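Following: one structure in structure tokens, then a few remarks.
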Amino acid sequence: MMCEMIKGRIASDRLWSLQRQGQIGTIAPIDGQEATTVGSTWALDPAVDWVIPQYRESLALGRFGPDVLDRFAAWALGHPEGGHLPDPIRVFPPQISLATQILHAVGLAWSLKLRGIAGAVLVFFGDGSSSEGDFYEAGNLAGVLEVPVIFLCSNNGWAISTPTSRQTAAASFAAKAEAFGIPGVTVDGMDPIAVHEVVSAARDRAVTGKGATLIEAVNYRLNAHTTADDPTRYVPAGELEAAKERDPLVTFRRQLEARGLWDRDRQADAERAGAAAIDNAWNWATALPLEQTALFDHVFAAPTQRQRRQRTDLAAYLGVER
Amino acid sequence: MMCEMIKGRIASDRLWSLQRQGQIGTIAPIDGQEATTVGSTWALDPAVDWVIPQYRESLALGRFGPDVLDRFAAWALGHPEGGHLPDPIRVFPPQISLATQILHAVGLAWSLKLRGIAGAVLVFFGDGSSSEGDFYEAGNLAGVLEVPVIFLCSNNGWAISTPTSRQTAAASFAAKAEAFGIPGVTVDGMDPIAVHEVVSAARDRAVTGKGATLIEAVNYRLNAHTTADDPTRYVPAGELEAAKERDPLVTFRRQLEARGLWDRDRQADAERAGAAAIDNAWNWATALPLEQTALFDHVFAAPTQRQRRQRTDLAAYLGVER
Amino acid sequence: MSPEPARSTNPASTADPTMTMVSAINDTLRAEMARDERVMVFGEDVALSGGVFRATEGLLEQFGEDRVVDMPLAEAAILGAAAGLAAGGMVPVPEIQFLGFSYQAMHQLAGQIARFRYRTWGRFEMPITIRTPFGGGVRTPELHSDSLEGQLTNIAGLKVVTPATAADAKGLLTEAIRDPDPVVFLEPLRGYRGVKGPVPRGEYRVPFGKARWATAGNDVTIIAWSYQVEVALRAARSLAEQGVEAGVLDLRTLVPLDVEQIVEAVERTGRVVVVEEAVPTGGFAAEIIATINEHAFWSLEAPPVRVSGYDTPYPVGQLEDTYVPDARRIEHAVLALLEVQP
Amino acid sequence: MSPEPARSTNPASTADPTMTMVSAINDTLRAEMARDERVMVFGEDVALSGGVFRATEGLLEQFGEDRVVDMPLAEAAILGAAAGLAAGGMVPVPEIQFLGFSYQAMHQLAGQIARFRYRTWGRFEMPITIRTPFGGGVRTPELHSDSLEGQLTNIAGLKVVTPATAADAKGLLTEAIRDPDPVVFLEPLRGYRGVKGPVPRGEYRVPFGKARWATAGNDVTIIAWSYQVEVALRAARSLAEQGVEAGVLDLRTLVPLDVEQIVEAVERTGRVVVVEEAVPTGGFAAEIIATINEHAFWSLEAPPVRVSGYDTPYPVGQLEDTYVPDARRIEHAVLALLEVQP
């Protein structure tokens, strides 16, 4: 897990600087949410379980294979292949329309139940997304249908500039499980072991037909919301510094070192591997070809006559083969 | 309260038979929900408080004056004046797009708070409507803003043919208050006194700046969902009979009689008054004039040029004055 | 009320059983569920009660509670779950109880379902058929009668299907359920029992994008869809008595659109009336007129005309009959159009 | 980039301060809030951070947390609360962070706000101005760039306002906030900083329904709105170099629509190109063409042409420049149109 957490941070930093160089568009860094993302996905079985991320997690979903990062690089580059995670990778692309993915997760989990597949669906969403009607409708539906879904609220304290105190007056995000008749748990989202534990337990419930669980993983956004954001405008002085004390890359490393499971060499190797991973992803993604007429691909299984005409006209206008 | 409850039932029965005679469209009867509607509104001050109904309550909102029933009759007749409750009556027309009214209530309550008006907003919605995202977004927003709103879930056991067991797995509808950080109370919705008590308490909280309350009033739909519905297709045998034991018009009457506050004369008077009320409403509503070109009134404060042209064309086509 | 077989391209013959549109829909759902066990029906009140219009009656008994499901009252949940089910390999046939309530789920319909294949660049297809009643004339409360084709057709990635006959309800619904892409299947409230006609036995599919001549005629072309085809036929019959041969082209599907037959009709008749129940501004009739301008402008002998609702919300019952186009208004428009001299 | 004052009807003179569109919006919000204490600004990230585009910067400091409010992340709550606030006598100016997320609130926008006056038959007015950015060209993720005018204009009861200049951003926003009816105020993403121009000092109102000649020309009329007016002006300049006098008509508001000036333009030039960034099928350009057919058919010397996006969802960054109309495509369409011989 440590290696993947390091990879996530390094990949995030790399994309950040690529954005600064104007090579990609806006990007949401993962700083502070590595333990939540990695600890939870390490509790899953990629052969049967699914992950539906929001938009930060894809940087650290190595549990499901290296393609996830490759595709995320393509996504950041605005290449349509970035949204395509090849079968059988059980991972959805990043979701921008917040909280909609939580309902997709319930439907997907429902299909597993109907088809008798002993898997679970883990869906990530932020503290902010929990305010959308879709989150509540999803939780309520999962309670009624008793489907194998794990709702993971990655509470990083902020929704862009909106603090959790403006997001809800509930005792906690986990407390919202009361509204659905499912268990709700709060866990230290900076501790991958703790996250791994609660998600494993939730997965056991899920695959044994006991239904859904809501998990609130309390972490902190150690960086800006995105490359377009300036947190100094709104984050109270000192809050970030205090949170940095809990940086999972520091604390988990200390834990492992204390138990003799980690050292400077391992750290160096992990950092090299992380750099290599994002290098490969970047190289793969930048090498992807793209015809502009591909614009019409994959809207429907087969284009309508009107789309075919538009494509022909476009090809003629661009002076390319259709 | 007893008189208003009787009026509600009589008005409901009358409209039911008028629908059967083909004089009005589909109508939703109030049978079984009189105590919830009357008990709660009797706890309000019509001079400062507001009521936002779903679509059953308008039959028994006499607390806010006789016009409410008159307008409801016009509404049932499909006359546009049916949606207009004249200022200063603090009542909204029936709401068809379920749960949307719960957010309107939060906004309205917010305006009272901002304007320093010591009133509260009581909003009715059904057990079914509580599954809509709008309900949760409203509860969550009210928790954050601490506005003077009372959410009254009129739980009559059914949403058309869907029982509450298919609606949610939560311990109760009141339990959903946990998700909002506001108090949640369950009350016997067949007992007007009990309802009056909890709503009075909620109103006190509201007007003293303590914020919102969620109340679940457990009653039962003693009739079909609407004139278009056939409950025998889905209501389990015996359920209705059992519920009839709790009919508020019977039980509350017994209570009052036991305390010597009610007798057959009073009952007869109340029934006469109720019949007179719906007679008056019906006569008023059926006498309302309507020009077909009124179609264009009240879309905007002033019609657009395009609407004016359409209106002129229509008038010419109909051969009437515009 | 269905077009005289002779003048119609509807392959149903009088030998076929006569059915209402709602029973044709019910039969088709039954047949498709029997044929493909991935097909699921869910929505508000579709199982226990068989649907508020009885369109799903008997399905629960036949296919069980795993495949015929009463959902909590939440449209976004119904369509959002449909997307997840589709990604999981099922073939969802959700019902939105009335089209007006699809607004509650527009972020899932327009923002997700319509784009799922595109945003996953082909990985996940959405073989979803959203059945939903719409259209006026039956004195419903607010938002039960609104016609939203103008909005739905502007959402790339959705197919919009609008049967006008019982036979097409079967043929197009069969096609919709088997189509690998999301289809909004619009069922006219007035048509459920108001439209009756012969329905072919056994498997019957009507391809998308092929309009149908409900009745032929060379003087003028009336373009319509869904229940307004019935209304247009009434107008055509009355016009015929006055010696005017009006053809009624039933579009059947708005996306994909049968541009060929529209163009052929304009070239042949030169005069077109487009009928819709919706708000005219930004409505689908405007799209048809723009399409005609693009492909058959020089054949126009007079400006194409719209017979629509008006630029107001769908009104209350006492104003409804003025709002919704009727045969007299269509006839009136046709006669005025024939007056126009180039 | 703003039209040469000489050829423009924009009353702003070069003596006026030059501003970006976003600062003109910010100033206007400030002025209207100062003028009328019922005016409230709320939405996601509008207060503490001053908005993701800084459009509401400084308002919190000046007007306090009762009138400038960061809301929970829920669009339906933002617009549903706006309806209640309006019923309670406030003048809400909610922001939807990106137009694509208005889908989350479509049931409140189309189903409630647009009809509130109508369903209460005049009792409750909805003086709500919904500010929201839209439009392409800036490499945003999904649903940040979609143009939904075709859908919004089909919703009776909404006014749809689309400023193209900094001056109009001020004049139309002032008008919108003071208008007693709901207005969807569409702000072009590319225009926030990409559009600069003189902005009249002091109170400045631009009436709805009056289009503006961004540049005059008698050979052909290019009809556009919002940022595409800038693009059309680029095309017009390049056409001018080739001796083609293209007029660019900036509609300013889509509802209400300035039919008079559109008709006058068609009568004068006989040739029209309508530009939109949206999906063409069911888009607003189709409405303009239908309107031209209704009111100026006989003046057309060639079929009106659309330059639009395509019938696909708004694409990812690497395909965006092909999707969104640019000056070259408009120029290309104009030249082709001029080839057409009646």
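Labels for the chains are A, B, C and D, by order of writing; each one numbers its residues from 1.
One rule holds in what follows: a contact is a pair of C-beta atoms (placed from the backbone, for glycine too) under 8 Å apart; a residue touches a chain by one contact, two chains touch by 3 or more.
The model shown is predicted, which means the values in this text are computed figures rather than measured ones.
Under the contact definition, chain A and chain D share the contacting chains B, C. Averaging Cα atoms per chain gives one point for each, and the point farthest from that of chain C is the centre of A.
Centre-to-centre separation of chain A and chain C, using mean CA positions: 39 Å. Look at where the CA atoms of chain C average out and do the same for chain D: the two points lie 32 Å apart. Between the CA-based centres of chain B and chain C the separation comes to 35 Å, rounded to the whole angstrom. Looking at chain A, residues 80, 82-83, 97, 131-134, 137, 140, 144, 166-168, 299, 304, 306 sit in touch with two or more other chains. Among the residues of chain C, those touching two or more other chains are numbered 71-72, 74, 76-77, 100-101, 103-104, 107, 111, 118-119, 142-143, 156-157, 255, 257, 281, 310-313. The touch graph of the protein chains shown is complete. Note for the complex: chain C touches chain A at residues 40, 66, 71-72, 74, 76-77, 80-90, 107-108, 111-112, 117-123, 125, 156-157, 159, 180-181, 209, 255-257, 259. For chain A in complex with chain D, the touching residues are 25-26, 55, 75, 77-80, 82-83, 94, 96-98, 128-129, 131-134, 159-162, 166-168, 228-229, 233-234, 290, 292, 294-296, 299, 304, 306-307, 310, 314, 317-318. Contact residues of chain D toward chain A in the complex are 44-45, 48-50, 52, 70-77, 100-101, 103-104, 139-144, 281, 310-313, 315-320, 322-323, 329, 332.
Contact residues of chain A toward chain B in the complex are 131-137, 140, 143-144, 146, 166-171, 175-176, 178-182. Residues 80-87, 92-93, 97, 100, 102-112, 114-115, 133-134, 137-138, 140-141, 144, 297-301, 304-306 of chain A are the ones that touch chain C when the two sit in their complex.
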